[in-house]
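Have a look at this one before I ask anything.
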Amino acid sequence: MTPMSLDAMAASVPDGALIAMPPDNSLPSVALAKALIRRGVRGLRLLGVPVGGFAADILIGAGCVVEVETSAVSLGEAGFAPRFSAAIRAGSIVMRDCTCPAVHTMLQAAEKGVPFMPLRGLIGSDILAHRPDWKVVPNPYGEPGDDIVLLPAISPDVAAFHAVMADEAGNVWVGRRRECATLAHASKRALVTVERVVPGNFLEDENLASGAISATYIEAVAIATRGARPAALLDEYGFDAAYVAEYARMARSEAGFQEWVAREVFSQAVAA
Amino acid sequence: MSFVLEELLAVTIARLIRDPAAPPARHIAVGAASPIPAAACWLVAKQGAPVRLSLLHKRSGNPFTEGTRELFDLTGQGRIDLFFLGGGEIDGAANLNLIGTGEWPGTGVRFPGSFGSAFMYMMTNRTILFREEHSPRVLVDRVAHISAPGVSAPGVFRRGHAQALVTGRCVFRFHPERARFSLESLHPGESVDAIRAATGFDFDAADDVPQTTAPTDAELALLRGVVCDEMRETYPEFCARVFNRKSAA
Amino acid sequence: MTPMSLDAMAASVPDGALIAMPPDNSLPSVALAKALIRRGVRGLRLLGVPVGGFAADILIGAGCVVEVETSAVSLGEAGFAPRFSAAIRAGSIVMRDCTCPAVHTMLQAAEKGVPFMPLRGLIGSDILAHRPDWKVVPNPYGEPGDDIVLLPAISPDVAAFHAVMADEAGNVWVGRRRECATLAHASKRALVTVERVVPGNFLEDENLASGAISATYIEAVAIATRGARPAALLDEYGFDAAYVAEYARMARSEAGFQEWVAREVFSQAVAA
Amino acid sequence: MSFVLEELLAVTIARLIRDPAAPPARHIAVGAASPIPAAACWLVAKQGAPVRLSLLHKRSGNPFTEGTRELFDLTGQGRIDLFFLGGGEIDGAANLNLIGTGEWPGTGVRFPGSFGSAFMYMMTNRTILFREEHSPRVLVDRVAHISAPGVSAPGVFRRGHAQALVTGRCVFRFHPERARFSLESLHPGESVDAIRAATGFDFDAADDVPQTTAPTDAELALLRGVVCDEMRETYPEFCARVFNRKSAA
């Protein structure tokens, strides 16, 4: 397995792709999000797995996104996601509200190769009322009146996340963050940034195998040191709350966001 | 011993958790950005109750080995006895709005989103609603959008409902059979009239609403000691502010 | 977490329980199967996850089982499972033929708390024709004529398997054998034998967490050294082909099986 | 160079895998107890084809990190291009019986069971059927029970069919559009008449059926060398018997 460059990875994501990304507690590739902004990608449809975080907000702010399907976009302790909120207010993105287990379920359906899966709950929620693609049917194993929601399989064009490491065979290691595995299984292409590439093969090591995602699902790997920053990466590094708080403050205004992007995304020193 | 509001709220929630009339709380899940419910759960645990706590955003020793899906699977299995929810708006029928105000999808004020509430509220054995802000802006007659419904039609699969709504000013008990709240207790300095004025929904109140029971010295000692110890990794700012314990990091 | 004795664990399995077990390549607790024979359990309904192996055959041979739901019962390289074949011939067990992904799917439905899940394939198979509990419905997301099979959730009374180790908190470690995790999640009670109990907490260790099953699903742990034998246990020990071959030879006849059970299950030296 | 039947079969299957008229075989899964198909796959890989092999029962370095479910999920996703199946009975419409003979569920001879065949046969992009025994007992006019159907009704979701049936005596090509086999080649010493006599189902045969192409020296060298090296951990007895290579263990 030969890693590609981060910029080549970003260039491989076509305008208009349905791209799925995990949030800040779950191995986002903020490095790839920044590279996508630098590449000037447009028209992305963004799927939060199951919510969006910092990376989602900067992609929305940079005008890369036309549609968001997610259960929330949030900066966590730093509060509301400012560019997401502004885009909803301006009506500049299509928002498809979801609920966390529904995102997992739609990806699991794609993982399993079935056209839909059922999910409990949801009945009586306006989220359901705004999802014509979700169907309510009588539970064929239930009593009369026991309706259940069916959700369609979703197969993202691109899955993007940041793993701790890749091995020589192209397997990547995400530890207990198995939502990244489901996402890779369900997606047409998985693009993974990593801290490092290590010798050997995780699948040959009983301790590492269960936290690995097989290379069969991984289209490309790029090395991006500290590529999850400001998000945390398992036991490798912690959450950079100050960085996110500064972003949240600056990105309250469009001008402040542009200043932040120029400094943190486009400046050579940071991009290198 | 004197106490701050956060300590009163944590102790009050802990008493609701232990409520012998409610279904047993053997396994409680606590979501992100919930330091007061987390403190209440740790207090219950440190008081010796046989409870398992799954703190979703715990970074070291995160309870889930199957990724973020596992909480919802656990809840689907009926293994989560108690969860906490809030809302940008909460109405008198315990409907929650985590979407926003104005037209769908929140063209007035957009809230971050509904997270797992549309599932968790219906599939958990019971839910304690918690929102510190008690104002007509938050506690409304009718939510603009229902993220998660307070009650469900007959035949709809649902395991539990809101047990209570705890705010910074009072405790409401929820009655799913009539889809209404009743005023359970008043925090220090509050009156029924003041609560009525601050609440956008109608609720029931007895002639004589008691005060919310103050924390005991033993409860405060636990909160400020072993509970704070457990919480400092996940909620360093909260522990510094409420318990006056600075993080070592 | 205090381990219980293997005999106490076997005693906790009531007659008539629906007990689910993995096959020889997937961490069976042969030690618990032998203990169940010694306890004289009766009326078990056995679910192979997704097939049955050595442990299933000895339980059937010992008269512990009234019903088997599985995609196969086989001794692998050692050939047909002799006591299973004899029981089918004699009509002494009810056989519910399944297909491997259907077993996984029915357990996943229970894991997710939904009453059913769909599965592709199966249409045109006589397996489907003999499963009145499996329903064929039009795919609500498909074209007319695109039928799909729905399978009901299955929640075993008891899940039984052999893990490498347990920790002080009662978590167990099965490495990449994640079907044991799904099984534990789906079952009402998980009874796990282990090689050893180790200090600490697997969930605090990023390398071990992804191969662990949380104690929240585990009802009880018993220490059974070499408890998977003759099956292999990950990188701990290999498959004992000679032991299985001898069993296959002796168990061709009822008398031979009884001789084998007396020697290998009931003799004190082996049971200790 | 002289060769044994197993080597001929492995080389023959390898040629079917590489068949340029068939859909590409980028990812092949090989089930338990299939040393000849496994040898064929390793041969293709060692000949330089860009193929991923997932050997289900490989103990060290097992390809699956999600347990035994992953093969079926991979296949559901359409990522498995080729799989191998056999059958206690195989009929002229490529129906497979892995259940048994006599009344359901096999009161005559009970086979071990159908494993994943009812799913894999329909969801894999193509299947090579392999059964060394070529007799009227195995190759029947109509299977007693259909574990997995050879063809499906219009509208039924199905990705692929049998490409061919390889036996110890010949190769049949399968034609899903007419649900029939045709005789593709005869192994050394066989004739069309002998095959007809040993086959319980009717099949098509050209006037001039060719011989199955013998292994080349290069193919035999790979099989006996690097292919055997790869297979010894999983199939020690097969390697000892066919390639005369004793296991070191």
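Order as written gives the chain letters A, B, C and D; numbering starts at 1 within each chain.
Throughout what follows, a residue touches a chain if its C-beta (ideal position, glycine included) is under 8 Å from a C-beta of that chain, and two chains touch if they have at least 3 such contacts.
These numbers were taken from a predicted model, which means no experiment stands behind them.
Novice: Any chance you could check whether A-B or A-D wins on number of contacting C-beta pairs?
Specialist: Counting C-beta pairs in contact for A-B and A-D gives the edge to A-B.
Novice: Per the centroid of Cα atoms for each chain, what is the distance between chain A and chain B, given in Å?
Specialist: Each chain's C-alpha centroid was found; their separation is 28 Å.
Novice: CA centre of chain A versus CA centre of chain C: separation in Å?
Specialist: 36
Novice: Just curious, how far off is chain C from chain B if you go by their C-alpha centres, in Å?
Specialist: Roughly 40 Å separates the two chain centres.
Novice: Could you list the positions in chain D whose residues touch two or more of the other chains?
Specialist: Counting only residues that touch two or more other chains, chain D contributes 60, 62, 64-66, 72, 76, 123.
Novice: Please set out, as single numbers or ranges, the residues of chain A touching at least two other chains.
Specialist: Residues 108, 112-114, 119-120, 139, 142, 148, 176, 178, 181, 209-211, 235.
Novice: Any two chains that touch count here, so list every such pair.
Specialist: Applying the touch criterion to every chain pair yields A-B, A-C, A-D, B-C, C-D.
Novice: Give the list of chain B residues in touch with chain C in this complex.
Specialist: Touching chain C from chain B are residues 27, 52, 54, 60-66, 72-79, 123.
Novice: Could you list, by residue number, the parts of chain A that touch chain B in their complex?
Specialist: 22, 25-26, 50-51, 70-74, 76-77, 80-81, 84-85, 88-89, 91, 95, 97, 99-102, 104, 108, 119-128, 130, 139, 142-148, 176-182, 232, 235, 238-239
Novice: Could you pull out which chain C residues touch chain B in their complex?
Specialist: 110-114, 181, 185-186, 201, 203-204, 209-214, 216
Novice: If you look only at chain D, which of its residues touch chain C in the complex?
Specialist: 32-33, 57, 59-60, 62, 64-69, 72, 76, 98-100, 104-107, 110-123, 145-149, 152-157, 237
Novice: Spell out the part of chain A that touches chain C in their complex, as residue ranges.
Specialist: 105, 108, 112-120, 135, 137, 139-142, 148, 150, 152-153, 175-176, 178, 206-211, 234-235
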